[in-house]
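Worksheet: the structure to be examined is printed underneath.
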Amino acid sequence: MAETPKLIDSKGKRLDGRKANELRPLTIEAGTLKRADGSAYLEWGNNKVMAAVYGPRECHPRHMAHPARALVRVTYNMASFSVGDRKRPGPDRRSTEISKVTSEAFASVVFLEQFPRSSIDVFVEILQADAGTRVAALTAVAVALADAGIPMKSLLAGVAFGKIGGTVVLDLGKDEDNYGEADVPLAIIPRTEEIVLLQMDGDLTAKEFQKGMKMAIAAAKEIYEVQKDALKRRYAVSVEALEAEEGAEEELKEETVEEEA
Amino acid sequence: MVEVVHELTRTHIQRLAEMGKRIDGRDLEEHRPLTVEKGYIESAEGSARVHLGATDLLVGVKMELGSPYADRPESGVLIVVAELRPGASPTFELGPPKPPAIELARVVDRGIRSTDTVDVSKLGIEPGEKVWLLFVDIHILDYEGNLFDAGNYAALAALMNTTIPNATKLGEGKDAPLEVKHQPISVTAAKIGETIFIDPSLEEERIADARLTVVTDEKGHIRAMQKGLTGSFTVDEVNQVVALSQKIGKEIRKTIAEA
Amino acid sequence: MAETPKLIDSKGKRLDGRKANELRPLTIEAGTLKRADGSAYLEWGNNKVMAAVYGPRECHPRHMAHPARALVRVTYNMASFSVGDRKRPGPDRRSTEISKVTSEAFASVVFLEQFPRSSIDVFVEILQADAGTRVAALTAVAVALADAGIPMKSLLAGVAFGKIGGTVVLDLGKDEDNYGEADVPLAIIPRTEEIVLLQMDGDLTAKEFQKGMKMAIAAAKEIYEVQKDALKRRYAVSVEALEAEEGAEEELKEETVEEEA
Amino acid sequence: MVEVVHELTRTHIQRLAEMGKRIDGRDLEEHRPLTVEKGYIESAEGSARVHLGATDLLVGVKMELGSPYADRPESGVLIVVAELRPGASPTFELGPPKPPAIELARVVDRGIRSTDTVDVSKLGIEPGEKVWLLFVDIHILDYEGNLFDAGNYAALAALMNTTIPNATKLGEGKDAPLEVKHQPISVTAAKIGETIFIDPSLEEERIADARLTVVTDEKGHIRAMQKGLTGSFTVDEVNQVVALSQKIGKEIRKTIAEA
Amino acid sequence: MAETPKLIDSKGKRLDGRKANELRPLTIEAGTLKRADGSAYLEWGNNKVMAAVYGPRECHPRHMAHPARALVRVTYNMASFSVGDRKRPGPDRRSTEISKVTSEAFASVVFLEQFPRSSIDVFVEILQADAGTRVAALTAVAVALADAGIPMKSLLAGVAFGKIGGTVVLDLGKDEDNYGEADVPLAIIPRTEEIVLLQMDGDLTAKEFQKGMKMAIAAAKEIYEVQKDALKRRYAVSVEALEAEEGAEEELKEETVEEEA
Amino acid sequence: MVEVVHELTRTHIQRLAEMGKRIDGRDLEEHRPLTVEKGYIESAEGSARVHLGATDLLVGVKMELGSPYADRPESGVLIVVAELRPGASPTFELGPPKPPAIELARVVDRGIRSTDTVDVSKLGIEPGEKVWLLFVDIHILDYEGNLFDAGNYAALAALMNTTIPNATKLGEGKDAPLEVKHQPISVTAAKIGETIFIDPSLEEERIADARLTVVTDEKGHIRAMQKGLTGSFTVDEVNQVVALSQKIGKEIRKTIAEA
């Protein structure tokens, strides 16, 4: 094994120059695909992520439909060229688990009862993978769902914290993830600070965990601003371009965004 | 119909909870009786059968010779597989592992791996060519709730019971016990309404809003976590479950060590 | 290849001390699982077997349902740790064949016409494998079906005979199976002596075959006693413990056992 | 509807049987005309096409270089595969082999293997590294009943026709005929009501209560058996089928040898 | 790699003695299978091909049925022993593509509107493979469809041309295919000269392509005669043997053949 | 309903065609705007993102070490895979590649392979043991028609952008650009009624009777063709599409080279 690099210096500066509680650069664009009902493209550090939403639509296969509510199905997929060694196409155990917990996270915020027997199908593609792909995916999916006009209690912000060189830090980069001591991916409802996705492995004291959670909640609010901004830019364009023909549909979307704001 | 029954159960469970009680008579922070039988299967290199209340499962550890991963040529390979066998529940189906089985295997794996319970770097034989593959197979016999904890307990107990078949399978040296360096213990809580229930039974699991599993080590450090289901936790609730996991983990660790 | 051990001595004594027509120790317990409608746990030599029965229940997938009778589907499975070299999970060709012939054997005794469009699904797990797993499985399944209250013409007893060192013997152990000259697994209706499962490979004259069949039929009657005993113990307990709440259902089960007795 | 037709056919077949007759005019103990064409496929190392009445199937034997099983490092590997191709019957479906195809392959395999028809220990090349893999592929063209026997006949005939491609594929020595040490012959009986029918046609197979296949060798010894379907046999009936298999096996063995 | 053999001599004579525009020997027999609704067996060079047709019949799975027309599904399969190195059973990418384009080719000539919600299922087996298996398969399928009485605008003739040693030739043999410079498999409606299947790889100028197309169209008419001849022989037999019992059905088939003639 | 809409679109498209026009304003022989972004994915050895009108797809080229084919022990291996990801269209489904994805991959492959665009014989490392595997993965992001051409353009552009990771993955020598010897360009036509449309949009593709793809090289030679859908072409129409492919191919080749 290669030697562990020094991930954080005595002044708390990280390999890429970030401070402990600093996120990597994050940009989001909403409505990037033509065919999907909603979509979003996200770059976060070196992650490149595309999310597409279809629905609410008739649930297939039918026996999976729920008589009283919609099913949210998120499929997380890594493109074969998104990582150093080619990933074989198709779901593996890791992506199956991420798809499951991400679907559960969004089921907590979508108003499922409005769409009995339906499915809301979300496909999120990691086109290029840096660390933190699952929270990047989750953050993009939230915007794509809003772009599709799916009514939600709130957007969700995905964010991770971890520990490197004994220090609790936010949003691990690739080397930090490989050589660090803990990683805690989260999905947070920004306004209420509720936790809807939480995974962890590594080694943390209860105190370190609590410290990290505080950083993550603060970061979730930052991320939320970037998400809302993406949606506002999208609908600023939309209003001009689409007002006439897509009026009714757009109104619903606007409302969703309003609620968030 | 099933929905209606669940709603009635839910109301009943929540009313009891207000009085700090549960339908099977336990306290909210009390786990079900745990029995651990190490060495249940002679054909495995290690094994344990665990009953957690009526949840009944077996873990068999098999050690085979195989190839290492390209990026860790000198290390053995640890593989955790869970099979939700269809005899264990009317809701389990035949076929390749579905997401719940995969999640179970990965959460049990995470607890073992993040603590280096087994030091795989000592399971190499010829670098790049031949290493020990350590299969931890979780086989569910009867499903009455909380497979994450029962699976973790049985996996740990089976590893503590494992013999490296140096003589038997490799033909070099003597069979020797596998060294188990840590004892990660998983404790799972369900949230129903505003109440936290430790070690949810099947009835509780079915109506739970959210689930949180916390794995702690012998120092009380957090080593793995997994939140599930469609509800949410507040930060305070998460911290409460962490504290309970640390406390209950100690008892369970003792029970497994003494089995 | 290893040298063949001497499987039987000049006095007809076998490696484990048994006589030619002697079974390995056999114990059965009925009703060992909570979720299943019926269940049984069996130890036979070093075999450890768990059988679970669900049904009669609605047949899935529906297109497989028979309009006039129930479908009996036995799935035989070996746990990955049940044998010396780990078995890969999932059905292989051997277990597929055993599942098929075992399902056919039970279809000969279950009163299928009582449950049109239904399935009776049996899952039998070999937790630890010695020789003779298929007849051990079959013997356990018969008890589990009775425990589930499935009406049957009769229990089935599974038993095998074979040939070792030129001698016809009953119930081969592992070494006898590996180095012996023939193996004949059977399912027998004990009272009528009808054969409902019969497989064979090896080398037997017609005379040796006839001799083995006589031994097997006698053994089937012994095994049948162990099966009935397991069910009686189960219902002795049941009567005390469950009389009040499970009355009606238990009556049906009792009747089934009565018929057997 | 299908059920009703079957019931009528059944009554008709049983009435004829009382007079010792069958709907296609055969005696109860008479098999359908058998034709065997060895060497039908030039691209295979061995092959045979067999018609048993209207049942039409091909066996191709392919020999490839491959790795031995870990527990038999010096032996070649014999693999029997059956494909119930969907062109052969409206009841056969596309997709991976289903239980009937697997049973067919395994019963044909059992007859060949239990007699050491092919001495796989002579098919090793470099111990532990390289051996001959002998694939016996049964390809059904037209299904009119009794695939077990037709498959056994074609497999035996194809093996008798096989050339080991030493020069062609291994580049060492000369191509040489595969030695076939035994001629296991399968004879299948169906039981309808109380009557035993040898070599059941499709119509008979559909309504049969039970089926029994007995494979005997050139000494008349029993080498493989398989009972199928949901009916039962008495011990006397089994013994009767054994005796018939011994007798008919002789004729069939001659037909295949002379083809 | 082996050295390229000289595929064509200075007099335009090919390895097997054929001229540039000469087909390999071709024989077809119709009605070779008992169970199938229609069938044909073909030998072309060293290709041996069996085609079986079932239908029109109810389409399974039902969700694939088209409300207004039949679905033609051709499954092209190579037997494991049909080639030098054993082919693993089951569809591979090549056979999936051939099945798709062959299905599309036949959908252009079958009167699909006559059989709404139905499927016409064709299974074509390459029992022994020389070069040109896909056009051999296609040629056999056309006869099997006519044998099944499926109404068609026309039979289809499959034929290939290619380039070897710089010369455009018809119907490549195995060595010509391995070492040649281009291969162009085609399906042609003989009377109208329409192209319903066309694939190509290699290197051809537009002129060479045009030259090859002329040869292919002439050859398609030859092949068509062999196809019709197979059907006439089949129905000559049929008329004698089956007139009484299969009258009505045969009439339909005769008509189909008449139309072709 | 869908059928009716298609019929109306069809009538509309055909009427416009009579005037030499298309619903998106293009001429019949005009392709949609093409943008090519080479090097879009840093984690790949080569990549390109292509927009052809609203059709949006990515090709990533990955180079891995692996084993050669037995019959070409000294050559590298080129593998083209297409994934019709379900986010790209409501008609694309999860699961293993279905026939349309396989056809797409094989047609793109055919163009690259028949021109020896990449000289795989130079991608061997140790004969018979270790060679470069060159994976060309076509990942559809947004499907608005004519994937064959877009896939071909992106694959070619990605190959032109590819670096052989000699130092990075093999540990020998320096990373070096992959040599791209030819620029095969695919041009696809749809036939609707009697009219030929170049580069069909999704709307046109849906109602097309027949489709023809012609791949030509820099000399104008034909290197690959694929006819699809259930209609037919006359020989004259085929020749017309060949000529158009030669002509349009030149422009596109230039666009890709300059990207």
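Read from first to last, the chains carry the letters A, B, C, D, E and F; within each, the first residue is number 1.
One rule holds for everything that comes next: a residue touches a chain if its C-beta (ideal position, glycine included) is under 8 Å from a C-beta of that chain, and two chains touch if they have at least 3 such contacts.
Predicted, not measured: the structure shown is a model, and the values here were computed from it.
S.K.: Could you tell me which chains make contact with subunit A and subunit D both?
M.R.: Common contact partners of subunit A and subunit D, which must touch each of the two, are absent.
S.K.: To get from subunit D to subunit F along touching chains, fewest steps?
M.R.: Contact-graph shortest path, subunit D to subunit F, evaluates to 2.
S.K.: Quick check for the class: compute each chain's Cα centroid; which one is farthest from the centroid of subunit F?
M.R.: Most distant chain from subunit F: C.
S.K.: Taking each chain's centre as the mean of its CA atoms, how far is subunit A from subunit C in angstrom?
M.R.: 52
S.K.: Indicate the whole-number Å distance between the mean C-alpha point of subunit B and the mean C-alpha point of subunit F.
M.R.: Each chain reduced to its C-alpha mean, subunit B and subunit F end up 48 Å apart.
S.K.: Take the average of all CA coordinates in subunit A, do the same for subunit B, and state the distance between these two points in whole angstrom.
M.R.: Their C-alpha centroids are separated by 28 Å.
S.K.: For subunit A, write out the residues touching at least two other chains, lowest number first.
M.R.: Residue numbers touching two or more other chains: none in subunit A.
S.K.: For subunit F, which residues are shared contacts with two or more other chains?
M.R.: Residues: none.
S.K.: What topology does the chain touch graph have (line, ring, star, complete, other)?
M.R.: ring
S.K.: Let me make sure I follow the ring: beginning at subunit B and going to subunit C first, which chains come in turn?
M.R.: The cyclic sequence of chains is B, C, D, E, F, A, beginning at subunit B and stepping to subunit C.
S.K.: Spell out the part of subunit F that touches subunit E in their complex, as residue ranges.
M.R.: 3, 70, 72, 99-100, 102-103, 105-106, 110, 113-115, 212, 217, 220-235, 238-239, 242-243, 246
S.K.: Give every residue of subunit C touching subunit B within the complex, in rising order.
M.R.: Residues of subunit C touching subunit B: 33-36, 39, 46, 48, 50-52, 54, 57, 75, 77, 79-86, 89-90, 121, 123-125, 127-129.
S.K.: Please name which positions on subunit C make contact with subunit D in the complex.
M.R.: 1, 68, 93-94, 96-97, 99-101, 104, 107-108, 184, 189, 192-206, 209-210, 213, 217
S.K.: Show which residues of subunit D lie in contact with subunit E when the two form their complex.
M.R.: Interface residues on subunit D, with respect to subunit E: 41-44, 47, 54, 56, 58, 60-62, 64, 81, 83, 85-90, 94, 96-97, 135, 137, 139, 141-144.
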